[in-house]
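Just below sit the structures, each encoded as structure tokens.
Look at the two complexes coming up: subunit A is in both, with subunit B in one and subunit C in the other.
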Partner chain A sequence: MAASIPFRSTSSYSTLFTRLANLKVRRRSFAHTSKALCASSEETPPSSSNSDGRDPFPVFVDNKVQHLLSNITGFDILKIAGPHKKHLEKPKYRLLTDAELKGEMTKARERLSKRLQIPPYMNPRKPNLTPLAVDPDLAQFDTSNYVFTDVTFGVKDRDRTVVIREADGTLRIAPWDVRDRMNQIYNPREGKEYLKPQMFDEQNLERMISEKKYVYILDRACCQFEPDDPDFIRTTHRVYRAIDSAGDHDDLRSTRHFGSLAFYLVWHKTADSLLLDMLNRDLSSDAADLVRLYGILHPQSACAGVLGQLSPDSGSTAVVQVYIDTSSTLTSELQLALQAMDDAGKGHRSGLNK
Partner chain B sequence: MPRIPLRRSFDIIKLAYHGCNNRPFFHIVLLKNISKRNAPPIEMLGTYDPMPNMFNEKLVSLDVDRIKFHLASGAALSKPVEKLLGLSGLLPVHPMSYITAKRNRQKQEAQAESQAQPAEDGKSEES
Partner chain C sequence: MAMSLLRVLAQNAKPTISSIVSSNLQRETCIKCVAIVTTPISWSAVRYNPSFAGKVTANQLWDGVTSVSNAGRKRGRGRNAKKRIDLNRGQQLGIGKSGLVYPGLTGPALVGKKMLSISDQKKSKAPSEAPPVEKKSRFPEIPALQRGYSGRKFPGTSIGPPDPINDYEFEGFDTRVLEYKMVSHMTGNLGRKMRVSALVVTGNGKGLAGFAVAKAPKGQAALRKAKNMAAQRLQYFERYNDHTVFHNFAVKEHKTTLFVQKMPKGHGLVCHRVLQTICQIIGIEDLHVKTEGRTGNIQNVTKAFFRGLMEQETHQELADRVQLNVVEYRPELEWLPLPVANPTCGKSRDEPITEEDFDFENMYYQDGKIPLKKEKDPMYRYTKDPVQWKKFLQIHKDRNQIMARNMRIIHGLEPSKEDIKLRQKPLK
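Now for the complex of A and B:
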């Protein structure tokens, strides 16, 4: 063929491959615009009073926020390292000194704390509709689409270039669902299915929620979806809302999902029942942390203003009181619970003094 | 005794058949032009699955960095690989792809016309 002759010359390649380089650059630049676009989120949950349309992700990854979220998650070793399936093997016995035992315990705690990494809270990703090349002369070159995946060594799943040549000759960046499938084919992950499990269909999800299998759903969603997948966001938010309305916040405590739950509720200003749950369980420092989180997430609110004036060494009761006075919707219940917790604390203290 | 001149040896990126009966599957490999089709490759650069999946997609994976490196160091391309790289946007579209596309379109048009004509004939006879 005539075409095969110029391809042999080395000099033409450098210019030819700028095409792919451009393609990569375009994709990256798209990532930025998509972030900007994400700010005006389409899917506003029904309970959302957060209409200013900010992107939650930069707030979520902030160190202070992460610190607060991991603080309120709790660390119940029995729950984190509780019974789970693994291969049968003989137990190992070792004789340790006290110091060695202490070292082993801290190591175990470090290992377990990795299980509590909070999945990112992001806006849903946007589809890329702009084609890379439209070529009507190439229409009908084949009856199927061709999907090209870059499997260069070391490319991460989120940075992978996947393009699709459609049967009508258009070359475009593959839609997200195709990209996810290609990632699973060329870089399979344990626990992830090639096709979306039926469990995440609306009716099956509702059934599982009514059976209160919250942690199972959330764990599975973390395996199956990317954190900015609309399906992930839909599923997790549905579960968070169900947990909040059923008052089952404690089910998620000491799991990696508690931080996400708290962030979701505070971001949408619906954290009152979570706060009530904390006060009823005498978790005063957690309650104060939740209120501080509210102050960081909503810097324009009245609560944040008063919190800023509060002295840093003021007790958790004072911090919660600020929230009750300024931003709460369940004012009377919260006030009662705070009062009860305070009284119990005082009684306990005076009991100790005797 | 007349000596047979040696074939010029060069590197070439081509398809190696790794399917089985009635199930084609190809590896995109770097080989010497004189080696056998399924010889142990110098380097494997991708795969090509010519059977459409349930979503009507044919899947191609390309180790783009290595392909670029080998092209820059003068490796040749076989025609099917040239076509694939052309479709992927890595190289200009292969002229043969355009010709196939045109032929397919013509065939489709001819088919559509031949289907339309008897229908019209039938109608005129009825009226």
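Now for the complex of A and C:
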């Protein structure tokens, strides 16, 4: 434990410190609270945006869902590697045999596939206001609050214990913004700023969206915020809605954000234009995966019922047809696109870079 | 004083100027008195007028400036003599810039019985036929981008595409002068005979280029001759991704040595000005060249560079020679292995090449000699000089302050000017 308080040369310093931080006595309660912090997203009531009031996080981390999401993301290795702004450096050259080249490519694919880890889809976190202890003897000890941060080596930011002794003698778990700031002070992360960048203010965000800098906004949001930060959720959802209305789904393909986008749209039952985009691009297996995802996320829907009766080896066209028949809002357009794809005889080709 | 003088004058029946001057009076007063007193005396002041104006005519004046004596002309004088200028060109007698009419002088004094006063003449009168003389600038200004390396000299300037041959027009070609100098040789009859020698390079910016040297008694003729000769000596150079060379190489022509280095896109041309011009003509955008030896010998520099480019080995040739895939790793693409050439036969040999055998950077230097690259101490400038070191420490102390202040301004945390002034006041 280290405390962010100035050094005092009093003999009773250690006693006072112990009392302020309340270490020995409350160790158990800390353990309890830190667990509570981790599990808070499961306990908190779901966001109001979803009508059936479920928590999306357990569904999101389900293996089946993750598999489907990573399938539809695509893997265009040049786009993932993407030209990044860097200092000028000379390229390196090697002479490789065919076997060596294959090995190098496999290694690079493995390395770059880590870039596609989908950021968790969570409900916004709730403040924990219950005091851990109230010590009236310490009231008016100082005019400022004292923040105590656990800086033990190896503690993860989400598990870190940060408590605050208020001026009236109450000891409570630090609010989220204080926790974030303490984490950034003691365990700074590259790309994250101590204060929230003004880019995420409503006005600036709209401007950047109109300039179609989707990937930049989403990347920066991932850097700056925790996935259950209300700011993260507000920002990302706004970008997803903008992409869906502008039809720019392809911008996010082969990035880590495509899975989140698809999950958001399917969770809110607004994935029709994404499905249309997939059909128009002849990504039939992606379209089928999206429909299967719909079945998993909404098990009570008519679509899920029909999908369950379908034989597992039925083609992607049949799967998409089920969705069009049962749950779609753009029925005629989807039907036309599906027919066009079938007619062109491209129905069997899967994703662009699979 | 004046009264006493009058008395003196009255006593003398015939006063003379000399007697007046001899009296010890102030000269000024004296002359005033003379004007008054000596009216009956016949005396006219003869004054020498030094001005030639009014004595000689304009023609005589012009002759003095422009003419050269016969003997002088034989010696070659008067070759650059001035020409006569009509100074009255564009002017009309009696009409000035202001256009005023003076009745009785430049116009009629009376209209009927009414006397006219000075008035403005309408400017709608027919404008003078010949415009006034404008002094021609001896050296008309050349736009900055059309100038050469230096001043008003030819080297570095563009002289347009080569002349068409039959029906073939050299579209997209440009020619630049690299060298333009006077050369001479001795003849029995004429002595030192001067000629102009011009070295030009022509090309289309897409890999096609040629150079030539030509001599002629006149400069323009030499340039034209060289340009058209260069157009008949075109060579095609393969470029890597249309922006640079395939590999580093060194090339030597007599005492001129060039160390050419391949550079990534966006680096630009860092080399001898002549090589920069040649690269622009060929279409090479990124290059670093270290020139050693006689770098002022433009013809050798040009020859060496053209030969070096011609002797390059493309990646495909390398792949075929060693029977291996040539793979490129670029930093901006996350060091992703990108094959740039595969062996033409379709598959590579089995045994891999060891790293010691293959060092792409230094592979093409001949005789195993590689250029010496000295490690540069980034602190060299500061550590050697105590004054610089002191300066460095000052800069080092504040090195993050500008950025920090910018961040404070962005987040609205920077105190206002009034606040800062308040803080700077001493505590009481």
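Basically, the second predicted complex is superposed on the first by the 289 of 354 C-alpha atoms of A that agree within 3 Å, B and C clash if a C-alpha of one lies under 4 Å from a C-alpha of the other, contacts with A are read in each partner's own complex, and residues count from 1 in each chain.
Everything below uses one rule, namely that contacts are C-beta pairs under 8 Å (C-beta built on N, C-alpha and C of every residue); 3 or more make two chains touch, one makes a residue touch a chain.
Predicted, not measured: the structure shown is a model, and the values here were computed from it.
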Checklist line | Which of subunit B and subunit C A:Thr149 touches, first, second, both or neither | finding: first
Notebook entry, point to check: Looking at the overlay, does A:Tyr93 come into contact with subunit B only (first), subunit C only (second), both, or neither?
Noted result: second
Check: Looking at subunit A, does subunit C or subunit B touch more of its residues?
Finding: B
Next item on the list: Would you check which partner chain A:Gln300 touches, where first means subunit B only, second means subunit C only, and both and neither mean what they say?
Entry: neither
Margin query: In the overlaid three-chain picture, which partner chain does A:Met182 touch, first (subunit B) or second (subunit C), both, or neither?
Written below: first
Check: Is A:Ala139 in contact with subunit B, with subunit C, with both, or with neither (first, second, both, neither)?
Finding: first
Check: Between subunit B (first) and subunit C (second), which, if any, makes contact with A:Thr161: first, second, both or neither?
Finding: first
Check: Taking the superposition as given, does A:Ser311 touch the first partner, subunit B, the second, subunit C, both, or neither?
Finding: neither
Check: Is A:Glu104 contacted by the first partner subunit B, the second partner subunit C, both or neither?
Finding: second
Next item on the list: Under the touch definition given earlier, write down the residues of subunit A that touch subunit C in their complex.
Entry: 77-78, 81-86, 88-98, 100-101, 104-105, 108, 111-112, 195, 198
Item checked: Of subunit A, residues touching subunit B in the complex -> 1-4, 7-8, 10, 13-14, 16-17, 19-20, 23, 132-133, 135, 137-153, 161, 163-165, 169, 171, 178, 181-182, 185-186
Margin query: Taking the touch rule as given, give the residues of subunit C at its contact with subunit A in the complex, in rising order.
Written below: 262-264, 266-267, 318, 322, 324-337, 339, 347-353, 358, 360, 407, 410-411
Check: Can you name the residues of subunit B that touch subunit A in the complex?
Finding: 46, 52, 55-66, 68, 71-74, 76-77, 79, 82, 84, 87-98, 100-102, 104-105, 108
